[in-house]
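In the part that follows, the structures are each spelled out as structure tokens.
Consider the two complexes below, in which subunit A is the common component and subunit B and subunit C are the respective partners.
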Partner chain A sequence: MNLSQHLPALIIVVPLFFAFVMPLLARWCKQWCVPTTLGAIIFSFGAAVKMTFQVMNTGPFSYYMGNWPPPWGIELSIDYLTVFAALTINGVGLLIIWYGSKDLLHELKSEVIGWYYTLYLLLMASMTGIVITNDIFNMFVFFEICAIASCGIISIKESRDCIEAAFKYLVLSVLGSGAFLLAIALLYMVTGHLNFTFMAEALPDAMVLYPKNLLVALGLLVVGLGVKAALFPLHAWLPDAHSSAPSPSSAVLSALVIKVYAVAMIRLLYLVFPRELLGMTPVMEMILWMATLAIIIGSMFAIVQDDIKKMLAYSSIAQIGYVFLGVGLMSESALVGGILHIFNHATMKSLLFLVAGAFIYGTGARKLSELKGIGHTMPIPTIAFCIGAFSMVGIPITSGFISKWYLALGALDVGRPFFTAVILISSLLNGIYYLPIVVNAFFSKPEEAVKEPKQLPRQMLVPLTLLSIGVIFFGIFPSLILGIVYRAAQLLLGL
Partner chain B sequence: MEDTIVRYVSRIILPFVQLYGLYVVLHGHLSPGGGFSGGTIIGASMILYALSFNLAAGSKKLSHDVSSILESTGALIFAGMGLISLLLGANFLANRIAGFPLGTPGNIFSSGSIVIITFGVGIKVASTMITLFFSLIEEEHSHEHH
Partner chain C sequence: MSITEIVLRLHANSYYFFAILLFIIGFHTMLTHNNLIKKVIGMNIMDTAIFLLFVAIGYVRGGRSPILEPGVDHVFINPLPTALILTGIVVAVSVTAYALSLIIKLYKHYGTIDAEEIMRIRGGGSL
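Now for the complex of A and B:
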């Protein structure tokens, strides 16, 4: 048996396997829960790194579950985009749960902590599955696992807010799944295939025979994935869900979960649907305008928030808009910017949510007005917050600048400077709500609530530091990650 | 609630319900149904027992702890069969190619790893039904104490 050849399956199966071992461990040897969880995610991360080298050296490859070749069996496809997304998910997910292993102890009841690790591993496995599968129904199954696990890690806190938010998320997410399932049915009806590659081959002919079916399928697909990715008018569930959950959950939901649906949409729109169909309908144009509204209105909502986590949640709505802006512009640079923003936003938003969690851990305060002067008493988390905030605004040498730069270039490439202006305006809006926090943290007198914070344990400080270093590092040396993103964009656009 | 008629009737039908559930699970690869439907029938029979007698009697037969352990076991059987295929040198969840004997079609012991996987799914679904039931009921009880 050659292990490395089975990595595409193992990257999903290992977290899934240990998710089911976790209840047993929680019962008999509690102290093994954390090391096992970390071990499983480290394995997945290692697998993603190994596959990245493999893809960069020898090109995309695929894996047949149970040795059944497509179109009969499920195919896992490892190309530039999927390996990039798997790397992001497992790398950021690892740091979040490392931080969470300490933070959860004070946020959750001790008897449910074992379950949290089960849900977290299920979430990691399903997200990796969504991005690497090449089978649309398999993708739907992973959507369901992902939706249930995400609701679980919100409602596990058992406060009124969390349960209400989780229920709202569950209902809307099921509506999204329903729309997606109908889209699958319509596509299967006209093509007879569930595999992306075979569907893409059959669709140009089917388009001529059943144009209405395909249009409805396309609409349902965009709406279904839009609800799950919280694209602007469909974002109603996000602010409550992301702000009331325990901090590690907020971080993983905002940084990763909404992104995997964006990756799924990119793959479906670019790899499955024929280019002529996208040219016939204004779907890309609609995505573009929804993204623009998301960017502007999400930032405006964020300005008026007083709760730090709620502000970050609204900021996520704006940031997912950037990803979709890159998708909708259909130029190489913009797509590079959009895909790169998936990674950059994952690092900086998880950093910001974890810092918010650290503030709440240290002081119990979550109102921005109470957090004034926190830079004097909790310097390291506050500096990390500054780095994240600068990156959100898009100040050079942080990674946020690079993705906004490529998005702006992409908008100019296709001759639509309006969207460059949108990016500039939204950077100013981001500045309006992030910079006062930074200024107040360092230049005003510490408020009563933040005078004597609890000392942060090392398990929480190290992930914060690593994420901040990551944000700066990928701002200065973007070429490390740009290589793979460029190839992903070229593959998607068929260049 | 204690009701002689309900108890008597459920005592009579329970063995048949469980036997039928087991039949559906074990013939998952041959006839309609399978791990999921059979598991549901077995789980429902346990819920019927706990409802018609009482919770204490129900959890004596199969406690919440045991059912949640069985839940993990069922899922691990499924994943484990996939990993065995890997060890035998084929892809994940491979069946004949990994060397599982397919047997004569129509026999219970045929179709290689599928019969074991269906059994695992049956355990998982039955115990999940029971665990869900216990979780809901115990929640109710803990609220009454407050």
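Now for the complex of A and C:
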């Protein structure tokens, strides 16, 4: 048996397997929990790297689960977008849990830490599953695993804010998956298939016979995935959930979980639904306007926050807007910008949340007013914060600039300079809330709370440094990742 | 379309009609009730409605369960939606269990399971 043939399945199965081994390890040999978790995610990351080379050299391929060819079996599809998303998820996820291995010790009770790794590995497996599966019902099952695991890593810290935020998140994501399941029912009714490729083939005929079915299904899909991805008017659960959770959870939820649903939406809208249907309805236009509102209003809410993690959470609402802006504009450059922003935002937002976690670890302070002058006492995390903040604003040589640049170009390509203006305005708004923190951190006298911070352990500093280097590196050499993103966009647009 | 025609059509598609009716009842319960347990019940009614709709898709009038017997030729129902919904039910059960355990924790922290009351204790925000 050739192991490398089965990598598309193993990338999901290995973390899933170790997730269930973890409670046993936590009971009998506690010191093995962290290495095992890291090992499982490193394996998935390695598998994603290997598949990336394979896809870049020989083109997209698919894997049949249990050797059952579609439409009978479940198909995993490995193309440019899916390997790109798998790389992002496992790469960023690895750094976050590496950091978390120390940070969690002070945020959680010692008896639940083993369970945290279980939930984290389940989350990793389900997110990878969502992006690489080519079967819509399989995607639904991964959605539910992802929903429970992501609520779990919030509610594991048993403070009353966390429990309440987790409940709110759970109810809304069940609503979202309900809408998604209903959409699956309506699509299956008219096509008789669950596989993306076969559905896409059957839909043009079905569109003529049953246009209403498809319209309702499309609406339910956009709303269902919109709730889970926190697209603007459906974002109500996000600020509480992302700000109250333990810092590594906040980082993974903001950086990866909401993006996964965006990837799912991109694949469904571009690969499954016929182009004529999207032309017939104003769905893309609606996504565009929701994204615009998200960008502006999310930033405005962020300006008035005093809690650093709440501010970052509102900023995530704005940033997911960029991804959907790229989806809605339907031009090549804009789609490249949107997909690239999935990766860029994953690196910079996880960086910022981890720095916020480091501040809380070091000083116990989470109010922005108490964090003045922290640059004098905790220099390395503060510099990392500066890099993340500059990238959020979109200053050149950081990766945030590249994705905004492509989005702006894309808006001009389709002759809608209004959206270029939106991107510029939102950069200014980002500047309004990120830059004062940076200025205050270095140029104010240290506040009482931050005078004598606890020393950060190496396990927390190294991931922060690596993420900051990543943000700068992919800002200076974007071509490394643009190659795959361009091919992904061309595949999606059918060029 | 005359009234009789509408009634006949509804009768022919009664599974779908009642599924949607149940869905609306569940959704309404979930949105309007403050009691968290009732919210979870509404969530379950909603899920059940979707399952009913999904299973109804696979039903063929006069069809039998798809067990093949040599030499006998029958009309069979489509087994795929049934199999899928089995998975769906498992998922719904686990989500319900998790939601109820969260409610127990909420009750321990706040001493109430009323969403408005919890909101008042927290001071602001919405559930």
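In the analysis below, the second predicted complex is superposed on the first by the 495 of 495 C-alpha atoms of A that agree within 3 Å, B and C clash if a C-alpha of one lies under 4 Å from a C-alpha of the other, contacts with A are read in each partner's own complex, and residues count from 1 in each chain.
FYI, contacts are C-beta pairs under 8 Å (C-beta built on N, C-alpha and C of every residue); 3 or more make two chains touch, one makes a residue touch a chain.
Note that the coordinates shown come from a computational prediction; the quantities given were computed from them, not determined experimentally.
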Which of subunit B and subunit C A:158 touches, first, second, both or neither: second
Partner chain(s) touched by A:24 [first = subunit B, second = subunit C, both, neither]: first
Which of subunit B and subunit C A:64 touches, first, second, both or neither: first
Larger contact residue set on subunit A - subunit B or subunit C: C
Contacts of A:175 with subunit B and subunit C, given as first, second, both or neither: second
Subunit B versus subunit C as contact partner of A:421, first or second or both or neither: neither
Which of subunit B and subunit C A:13 touches, first, second, both or neither: first
Which of subunit B and subunit C A:189 touches, first, second, both or neither: second
Touching both subunit B and subunit C, residues of subunit A: none
Partner subunit C, residues of subunit A touching it in the complex: 137, 140-141, 144, 147-148, 151-152, 155, 158, 160-161, 163-164, 166-168, 170-171, 174-175, 178, 181-182, 184-185, 188-189, 194, 236, 240
Subunit A-touching residues of subunit B, taken from the complex the two chains share: 65, 68-69, 71-72, 75-76, 79, 82-83, 85-95, 97-98
Interfacial residue positions of subunit A with respect to subunit B in the complex: 1, 6, 9-10, 13, 16-17, 20-21, 23-24, 27, 63-67
Contact set on subunit C toward subunit A in their complex: 23, 30, 36, 39, 43, 46-47, 50, 53-54, 57, 81, 84, 87-88, 91, 94-95, 98-99, 102-103, 105-106, 109-110, 118, 122, 125-127
